[in-house]
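Read the structure below first, then the notes.
Going in written order, the chains are labelled A, B, C and D, and every chain counts its residues from 1.
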Amino acid sequence: MYAATATAILVTMALALTRALLGPTIYDRVLAVNMFGTKTVLLLSVIAFLNGRPDFLDLALAYALINFIGVLAVLKFVQDYTMRHSGEERGQ
Amino acid sequence: MELLGLYNYWVFPVLLMTGLYAIMSRANLIKKLIGLSMFQAAVFLLYITMDKIEGGTAPILQAGNPEQLYSNPLPQVLILTAIVVGIATLALGLAIVVRISETYGTIEEDEIQGQDAE
Amino acid sequence: MVVIVFEIFLLTLLVITAVGIVRSRDLFSAVMLLGLFSLQIAVIFFILDAADVALTEAAVGAGVSTVLLLGALALTSDREARPKGRRLLALGVASITALILIYASFDQPRLGDPQAPVHQHVAPWYLEQTPKQIDVPNVVTAILASFRGYDTLGELFVIFTAGIGVLFLLADGSGRGARSQLPSAEAQGLRHHLIPRVVGALLVPFIVLFGLYVQFHGDFGPGGGFQAGALVSAGVILYALIEGEASALRVLSFRALAGMIAAGALLYTGVGLAGILRGSQFLDYSVLLADPIAGQHLGIILIELGVGLTVTGVLLTIFHAFAARAQKR
Amino acid sequence: MTAGLALDIGSWVLMLAGSFFVFVGGVGALRMPDFYTRMHAASLTDTLGTILILSGVILQAGLTLAAIKLAAIMVFLLLTCPTAAYALANAARLSGLSPRPEQTPGKD
């Protein structure tokens, strides 16, 4: 059952990767990265149980905590970028 | 199945050479550094591939289970430190690129060489 | 067994991502794809039974490296010029080398082969001796901190030097770090975004707490100074992102960070020297206390603390150096 | 025994349902016509899929430290995912990306 769940998550990861490669805007890519991060947390939790060593959930916990930083960094980058190049459109 | 066991060793050169290709063919210095990180990641992958042992688990000893096999801890030690060293050296490279960009106004290698030639 | 199939699938995704990174002309996209690359390789490390390495990759790849690359992009340019020439030659060299390496792989032992040479020497000795000599469950920590403490000291000084190098390159030359130009109006971070600010502020203490857990639980589970340093600095970077760099520097100033870097390196070397002073060799912890095993435990905790301090200090100094450079513009 | 079986079935149902929603989210993120609809598909199913899958795994873990860690993971994901979605939509809107699909500019 873990294997079925992990397979579904992996297929979703592949879909997210496709979206990240296709774009077209940078926000689509960031969205894909964020989605991929959530799926990674789920996959790591499931695999920890599949391998029978649930004491390795620390890794999933680490991702759950700090995956968010990437998106905020992007938000700040875009904000500074718009401040510097006001009027110029970004990500198209 | 026998051949699939070598898949890691096939992915390793592909990643390694993708990184090297980025370093060789791209003039953009940040792209070169990204290529370098990928090259580095490929080496990490090779080392970690070697530590895997069938039926093993991560080398954190379980009390009361003396028959348990553990993966090889030595490559893990090397790569663990190498990852953090990698980010520190990447930061150093990026700092140099920032200074180059401030001095030359560009981070494209050929334009920099063009300016140097003048 | 089925896990290996997942690993093969992820490796394929990894190759696709790598090609995508090289092909994308927009450096911002390349950085985002590099984030994906890091996530995938962390899962692969986890599947290959390297929990410590996966945790390190997670701690470094998810927060710190994206933030640093974006910081550098903000200071330079995020578009790549159209590459000229040399592409065919580079492609040729790369593909021929790859083919030779793939050809060589047919002599490799297959994945997980218990008879592989790498499992025959050294490693069994470490696995056997760790419970006897050091008595901590995590063999990776035992090797990192005790058996091969010299190597780790060297790595620590590489990180130390890289941090100093970044400061040399990016500090403003007044010798005061970036302290003088800090409290500017633009240094406010994402203060006006209420929701990320509240949630971020909620997360920061948990990240730092988790970092400390990883630091001090490293003998028993995946973890240690390197991972903890990256996690704690990720927490402080999150604080800097939401409240502005000035607020983060008020908590941990440049001077405090420099103190952490030096204190960590000194602590590590000092523990090594204590071994000599107690009549044994450099970095021999067995003589630190009357009981050799307790001495090993004390030594490992101290040098992991040193590693944690230096890594946190260096990563945060680097982050602040880039951020201060951006504000000076 | 029957309690254990019921628990197993319950966790399987939760995990399968979670897998389904995760997959639907992936398809939505790939197939929807513009950024905002894609984000809507991805972020909503992210949350639901997380709740279902992690609850399923928690049922399997029973009352252990692992269950507490899983609960913590779930809480943190439930906090960060919607926030990240908000931050992202905000960044996109700030930069002037229009929410109308027919005006979504293509690249390359």
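Things worth noting here:
Convention: a residue touches a chain if its C-beta (ideal position, glycine included) is under 8 Å from a C-beta of that chain, and two chains touch if they have at least 3 such contacts.
Just so it is clear, the structure is predicted and the values come from calculations on it, not from any experiment.
The chains touching chain A as well as chain C are B, D.
Between the chain pairs B-C and A-B, more C-beta pairs are in contact across B-C. Put simply, the chain farthest from chain B by mean CA position is D.
The mean-CA centres of chain B and chain D are about 30 angstrom from one another, to the nearest whole unit. Rounded to whole angstrom, the centroid-to-centroid distance between chain A and chain D, based on C-alpha atoms, equals 11 Å. Per-chain Cα centroids separate chain A from chain B by 20 Å. Along chain C, residues 51, 73, 193, 196, 199-200, 203, 206, 221-222, 227 each make contact with two or more other chains. Annotation for chain D: residues 76, 80, 83, 87, 90 touch two or more other chains. Looking at chain B, one finds that residues 57-58, 60 touch two or more other chains.
Which chains touch which is summed up as A-B, A-C, A-D, B-C, C-D. Those residues of chain D that touch chain A in the shared complex are 11-12, 15-16, 18-20, 22-23, 25-27, 29-30, 35, 38-39, 42, 46, 49-50, 53-54, 56-57, 60-61, 64-66, 69-70, 72-73, 76-77, 80-81, 83-85, 87-88, 90-92, 94-97, 104-108. Chain contact summary for the complex, chain C toward chain A: residues 2-3, 6, 9-10, 13, 16-17, 20, 26, 28-29, 32-33, 35-36, 39-40, 42-43, 46-47, 51, 54-55, 58-59, 62-63, 66-67, 70, 73-74, 186, 189-190, 193, 196, 199-200, 203, 206-207, 210, 214, 221-223, 227, 231, 234-235, 237-238, 241-242, 326.
Touching chain D in their complex are the following residues of chain A: 1-2, 4-5, 7-9, 11-16, 18-19, 23-25, 27-28, 30-32, 34-35, 38-39, 41-42, 45-46, 48-49, 54-55, 57-58, 60-61, 64-65, 67-68, 71-72, 74-75, 78-79, 81-82, 89-92. The part of chain D that touches chain C in the complex is made up of residues 76, 79-80, 83, 86-87, 90. By the touch criterion given at the top, residues 51, 53, 55-56 of chain A touch chain B in their complex.
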